[in-house]
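Have a look at this one.
Here the chain labels run A, B and C in written order, and each chain numbers its own residues starting at 1.
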Amino acid sequence: MSEPVLRVERAYKRFGGLLAVDNVSLAVEAGRITALIGPNGAGKTTLFSIISGFLPASEGRVFHRGADITGMPPHLVARRGIVRTFQIVQPFAGLTVHENIAIGAHLSRRSRADALDAAAEVASTVGLGDLLGRPAASLTVAGRKRLEVARALAAEPKLLLLDEVLAGLNPAEVATMVPIIRGIADSGVTILMIEHVMQAVMSLAGHVFVLAEGRIIAEGAPQVVVDNPRVVEAYLGDGAAARLSAAGGAHV
Amino acid sequence: MLSPVILVPAILNGLLTGAVYGLVALGLTLIYGVLHIINFAHGALLTAAMFAAFFAHRLLALDPYLAAIVLTPLFFALGYCLQRFVIGPAAHGEDRNILLVTLGLAVVIENLLLYAFGADTRTLNLDYAFDIVDLGIAFLALPRVIGFGVVLVVALVLWLILSLTDTGKAIRAVAKEKLGAELSGIDVGHIYAVTFGLGTACLAIAACLLIPTYYVNPHVGNAFVLIAFTIVVLGGMGSVALVGGLFIGVVESLCGLYLGESLGQIGIFVMFILVLLFRPSGLFGERA
Amino acid sequence: MRGPSIAHIVLVIAVLATVPLLTASNAVLNFLIVALLIALVGQGWNVLGGYGGQYSFGHAAFFGTGAYVTAILQMRYGINAWPAFALGIASGALVGAAIGALTFRSGLKGSYFALVTLAFAEVLRILASVAPITGAGVGILITLDLRPQAFQFQSRAPFYWIVLALLAASLVIVRLIEQSRFGAWLVAVRENEDAAKAVGVDTVRVKLVAMTISAAITAAGGGFYVQYFLYIDSGIAYGPWISIEALLAPIVGGIGTVFGPLIGAVVVKTLGELTKLITGDAPGLDLVIYGGVLVLIVAFAPHGITSLLAALRIRFARLRPSASEGTHV
């Protein structure tokens, strides 16, 4: 078994009295789409922030291709090829779509012209090709989510951390995004995604981790995880699994 | 150099000065705690209040302690109007703009005073300015002792306002959770203006307390406000702001004792810079 | 990034260079020299504030250092004015790097950054007002020596061309920044630091470099000031007046643009002159006007005059069938 691209080892994160991440260990295999799901407030985004260097872990280690990157500053994590998106989108509001994506492209390109060219290409792969000259602030929610992905993509990550890129999108918009994400994975990028939209998780993810109250409560193939009674209870409350199977076994 | 005969009066005088620092800081932290802005115009407003107190005596023969009764509501209104009609609208809610607008106001007020009254330093010569309170180990200037007492009263009154009145509760609500307060029907713009007015009113009182023993010129407010800024940055709110003021008053008194006036001033600035650089992390983000 | 090309810059400079050939009026030349000087200092502020989004309220720290070092090296160490001037710029850059290193590593931003820069400038002012090397309360007078070798001239025209050349250099530097990766990173830091970090931008280092360049340009203004006026003291060198004018010019003219500080400096200085004409030379009045202008600009035209002009251009463009322009950066 080769070294996983990303390995989190016994991570804890305390905010004062609150334990947001509680003894989390997980591994992400190369070339796959791995999903991180769980109810709101479970600690998923906190975990992303720890992995990408935006927050220090209270305890625990993060390994990237075997190298210890715990506590590495975010820009150095990004330069190692790990790029994250933000749950609440963070565009460069005063710049155009083109300029936004180009900043991502500048990670590996020095010349302005090269970065702008690469950005234009990435823009068309996510369907923003017609909107290059628009101010980022003028995009719809769906557009901004795509911009977020495009900018991360332009930085040519080997590991992409997507934080709820489908949140707030209507079913048609979700249906457009899912193949884009699959396309990214097909091109060789490992993806770790936090997601609530279950149909996307089912169709995209090869492996799923479930986080509830800061702890990993289940992991495995999507179909298996979703049927796990503990997972059902984490979302729907105690006893829900029993009630559901008594009522005829409805799925989450 | 460390004999109690020198130290104790220095410390006590430091406490008395520090009380006024605390009052100035109280006004600033009130504004900061509710509007989440650093009011760059605080110093200029204090200077304006001191000029007002000065001329209240010069032209109207109003004793500063009496002038406070008139100036406090006047400056409350001034602060209210500034926030409601100038700062709030001009800034469009953007932090960077608020910075510039309060700076612009500071420049306008300070230089208006300079233009109107010249750069000369003036003092009031009041009969009781040199009256002494004899504590045995130290002689303390009467006006400063009065000042200490008034500050404690003002702090108490402010606390009562904030805890017991509806407006006070609204202020605390807005400070904690602006959106929620708005949704509950609180007029946030009005509350911001009231808070700014209260902060400015504190300055009016502080000015009246200072003017018997302190000089006034167009730049006098800045030194006091710098101390207030230091306290804000240290995270002092409410009673902590007062205690912070007392502490810094003592430190300044001791520094002035050993380093002389100019270097004493530098000491405050250096302390301010150090506090900014090494402040407890995690308490303050980008938003001022 | 959209902006004037180097050719545009050369054109504007060339036109401005003809002014001393068209007029011999000392009043006009003096006015323009001061305006160009403020434009230079403002351009320095613009690099850090306009492009980098870090608003310094204490740029006097760099102006004054450039001025004092230039003066002290000449008067106390007998060094020739030109290398003294160069060392003045270098010293200003060093002070900028030092302050930047301290403040950016501490993560100071927004109002806190503005406060700390203000504090640094004040500390320098107080130090300069008591230190013997800066002449304490008396200041430093540069001995009259009207030869080009001493960076002094008999007439104003050479001074005009020199400050114009310095300004031209600053315009070119800013344009080059606009077109470089560093410039893209700098603007990213201004717009959203976290997002910038997430795509590999070393935000602390970018800010530090911007601060150093900004300080160097502003220090050049200080050095020029002292050669032109032949006198400096702590209030002139490190006083709030220059910190205010340094930020006012770019904000009025167009923050984050190449020509913004130039336009703003001319407008602000013209306002100052008009004020003096109407009310006489009262101390403080010009700053009252400047403070008022600052509030008005922020309220009604936060991106300055150039953005108003751009908006007008868009209005006219809409009247024609061709496509409208994008926003300016």
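In this section, a contact is a pair of C-beta atoms (placed from the backbone, for glycine too) under 8 Å apart; a residue touches a chain by one contact, two chains touch by 3 or more.
The model shown is predicted, which means the values in this text are computed figures rather than measured ones.
Among the chains present, the centre nearest to the common Cα mean is that of C. Taking the mean Cα position of each chain as its centre, A sits at the greatest distance from subunit C. Subunit A and subunit B have CA centres that are 48 Å apart.
Annotation: 33 Å between the Cα-based centres of subunit B and subunit C. Subunit A and subunit C have centres, each the mean of its CA atoms, that are 43 Å apart.
Across the assembly, subunit C contributes no residue that touches 2 or more other chains. If you check the complex, the residues on subunit A that touch subunit C are 52, 54, 73-75, 78-79, 83-86, 90-96, 99, 102-104, 106-107, 109-112, 115, 133-135, 151-152, 154-155.
Subunit C meets subunit B in the complex at residues 53, 55, 57, 102-103, 106-112, 114-116, 119-120, 122-123, 126-127, 129-130, 193, 240, 244, 247, 251, 282-285, 287-288, 290-295, 298-299, 302. Of all residues in subunit B, only 37-38, 40, 86, 89-92, 94-97, 99-101, 103-115, 118-119, 218, 226, 229, 233, 262-263, 265-266, 269-270, 272-273, 276-278, 281, 284, 286-288 touch subunit C in the complex they form.
Subunit C contributes residues 1, 179-181, 184-185, 187-188, 190-192, 194-203, 326-327, 329 to its touches with subunit A in the complex.
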